[in-house]
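Which chain is which? They are A, B and C, in the order written, and residues in each are numbered from 1.
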Amino acid sequence: MFRYFSELWTGVWSLAVGMGITFVEFFKPKITLHYPHESLKMSARYRGHIQLIGDEEGKPLCVVCGMCEKACPSNCISISGEKPEGSKKKVLTSYQLDFTKCSLCGSCVDSCNFKAVEFSKEYNLASTRKEDYHFDLLKRLEERKQ
Amino acid sequence: MTLTFLNVFAAVLIAIAFVAANAAYLVWCERKGAGFIQRRPGPTENGPWGLLQPPVDGIKLMTKQLLIPGGVDKIIFMVAPVLAMFPTLISFVTIPFSETIVAHNMNIGVLMIFVFGSMSAMALLMGGWSSRNKYAMISSVRAVSQAVAYEIPMLVTTITVVMIAGSLDLMEIVHKQSGGFWHWNIWPLQNGLYNILMPVSFLIFFICSLAETNRAPFDLGEAESELVAGFHTEYSSMGFGLFFMGEYANIVIGACLTTILFLGGWDCPLGLFPGVWWFLLKIYALIFTFIWIRWTFPRTTIYNLLNLSWKVLIPISLFNLLLTAGLLKVF
Amino acid sequence: MNEPVVLQPDETFVLNVGPQHPATHGVLRVKMTMDGEYIYDAETVIGYIHRMHEKMAENRTYTQYLPNLSRLDYLSAMAYCHGYVLAVEKAAAIEVPERAEYIRAITVEMNRISSHLVWFGAFVMDLGGFSPLMYAFDDREQILDLLEGVTGSRLTYCYFRFGGLYNDIDDDFITGTRQFIKRMRKALKMYRNLVTNNIILMTRLKEIGPISVDLCQRYGATGPVARGSGINYDVRRNEAYSVYPEFDFDVPVFTEGDSYARYNVRMEEMEQSLRIIEQGLDKLPDGPVNPEKKIKTVKLPPGDYYTAVEAGRGSFGIRIVSDGDKSPYRLKLRSPTYSNMHLFDEACRGMLIADALAFMGSLDLVIPEMDR
């Protein structure tokens, strides 16, 4: 008989404690972000899609060694270059990234010995066509330079 | 309170308008309350503070296709939502909001409200039975057994209060509690009656009104994240809308009844300026508590629910009834 | 409810708890043969999200396979990467600097807390309480922000490399983590008051889904499922790897075997993970995080290698069969959820359906990990 009432009492008390906690939470400030009215600034190491790094003149540092293309697990990168007359180094002519297959693993950034690619901070890409995600990174570098 | 037909008709219309506006805007209150408890804002896009959200939701519900699945029992299927909503609207007619604001006061007010309240159990059963769906039937069977089990302690505590007041008339019950909060039925002493179990009685009545309206933590009938959507799985558009509004109207009725029976109706806590604003303040405080409880606790299972009613609430409320009767006889 | 229920085998119907589940487990199909509300028998049908990770390993080099591991059990992805990296390093005899080992342990434990917070929120939401989910996700947001500041990703980390890490941690991470530990201890106390001691939850979980030690051993259940039944086995203690022998932590074991015991095991594990993180931060040595010689391609000597780690759900094992090539000949992933799930078929006989779904929630299933 006593156990009946003591269980009843502990039960009711636990409910009251729970209600007290949510009552206090009612008055605390909101923790959600009002996207799209407010938006976040990404951290420094955030992994958006990769982008080429340019030197002072805006030319890509890439020497078309092809390590990123070989390192990529998903075959996203296709890169081509040509050797202009009288120069030992290759010049980048096109760098295509198929972002629909990219898993943001970072193998390309890791494998580059010339620090030619880095992660961008793009996070709110949205489109209705798949072709919009086949990035031409050379064109993007030129657009960024402007 | 003249008895001309037009007056009564206008009064009934106003009562129905009050409850319909409540049913619509209680959804807003619930979503905002839920949001604040979970530390997020709730609806904010439609209108300032999201106040236009209920009309927009209503338009959305009305423009959906009213789908009647093949093989259902058409008449029962279409009558069930109506039966969930309209008896509640009608029972609003007897509730006194203040000394002078009541649509049509009857001297059997308490009985009227319970008569109409028990029709909602029928609506649950009809809704689940007529949809040709295993999940709906399981949940409507559970909801009916819950409704029946929790009506008993509700009636027993109401009889306790009616015995103290001496009449079934709602205005009489409130008049007996007038004059400040020490006269209210929730406290152990009123009118010279020292019944220490009256707050327990209030708690039992409150829990029963939570269970009667299928509110969490007793909402096995509907918010089953286990079994899809319960007895109103097959309803779309206004069928669902009527069930939904019927639930909120029931909440308002439950809060009104609790206030009248235990908290003194339109009486001011200090006995100074009685009026309809105190009544509205009390019912909205109770409705806030309903919302607060819903977003705090998990759901009970059907066995625990029925155990709570039959093994805890009914013995305690019967004991209280006997105690009150004894005390009334003695003092 | 305590007397044994006699089920009638000839009055049953089949209820298909289909691949699209209102509860948040993933694509799992359970065909339940029910007698009224009691389950007479259950048959789980899996494979709806089989993505052939083991086959993919045969076509990729060891370095190229790293992103795949995070996609297996995306909630505790770090532990999976840890297991793979340990297996390859052990086989190829690659030395890992000590600082990298400590940072690996710290990030894996933070990931474990984040995984248990998701389990906690989703489990209580299954039972009908919607608010603890929001509070748990707020705490989890702190962890994800800290890990994003270090690794750059929030969910599918590709942070470990063979021999070390992708990059080093900075001071922001250390101060942020210490603040997080204080905040999480307060939050755990709040969860205890709001949820663990709640009478409704206790009646909902106590004596539901009892799993005996014999059942665990027959199906090979590990992790909190086994520790909730009294089996004192934790891979971090019994087959210690990496730098775990240096840490002083307890392994919570409860003997009742019901859902409440499994719940308590996971809540206690969160507290122990906080202890490990604290000790890790205190003992963190200076030094490089990558070996001096940068590893170009990894080629394992021919042989059969197996390593197990303690992931969020149990013992995750990885077996590599190599024939000396750049890609493995065969890579086998031992998924803890696969073993934990299958005891549901036997344990749910005679349960009510609502209890069976609470039981499934307490097993902490992540279906993409089960189907690989």
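As a working rule, contacts are C-beta pairs under 8 Å (C-beta built on N, C-alpha and C of every residue); 3 or more make two chains touch, one makes a residue touch a chain.
Note that the structure is a prediction, hence the values are computed from the model and not measured.
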Result of counting contacting C-beta pairs for A-B and B-C, higher pair: B-C
Label of the chain whose CA centroid is most distant from the centroid of chain B: A
Distance from the mean Cα position of chain C to that of chain A, given in whole angstrom: 25
Inter-chain centre distance, chain B versus chain C - centres from mean C-alpha coordinates, in Å: 44
For chain A paired with chain B, centre-to-centre distance based on mean C-alpha positions, whole Å: 51
Sites on chain A at which at least two other chains make contact: 15, 18, 21-22, 25, 31
Multi-chain contact residues (two or more partners), chain C: 131, 135, 138, 194-195, 198, 200
For chain B, residues that touch 2 or more chains besides their own: 37-40, 295-297
Chain A - residues contacting chain C, complex: 10-12, 14-15, 17-18, 21-22, 25, 31, 43-47, 71-73, 103-107, 110, 119
List of chain B residues in touch with chain C within their complex: 34, 37-40, 134, 138, 216-217, 219, 223-228, 295-304
Complex contact set, residues of chain C against chain B: 1, 13, 15, 22-23, 37, 124-131, 134-135, 138, 194-195, 198, 200-201, 203-204, 352-355, 357
Chain B residues within the chain A interface of the complex: 33, 36-41, 44, 292-293, 295-297, 312
Complex contacts: residues of chain A adjacent to chain B: 8, 15, 18-19, 21-23, 25-32, 34
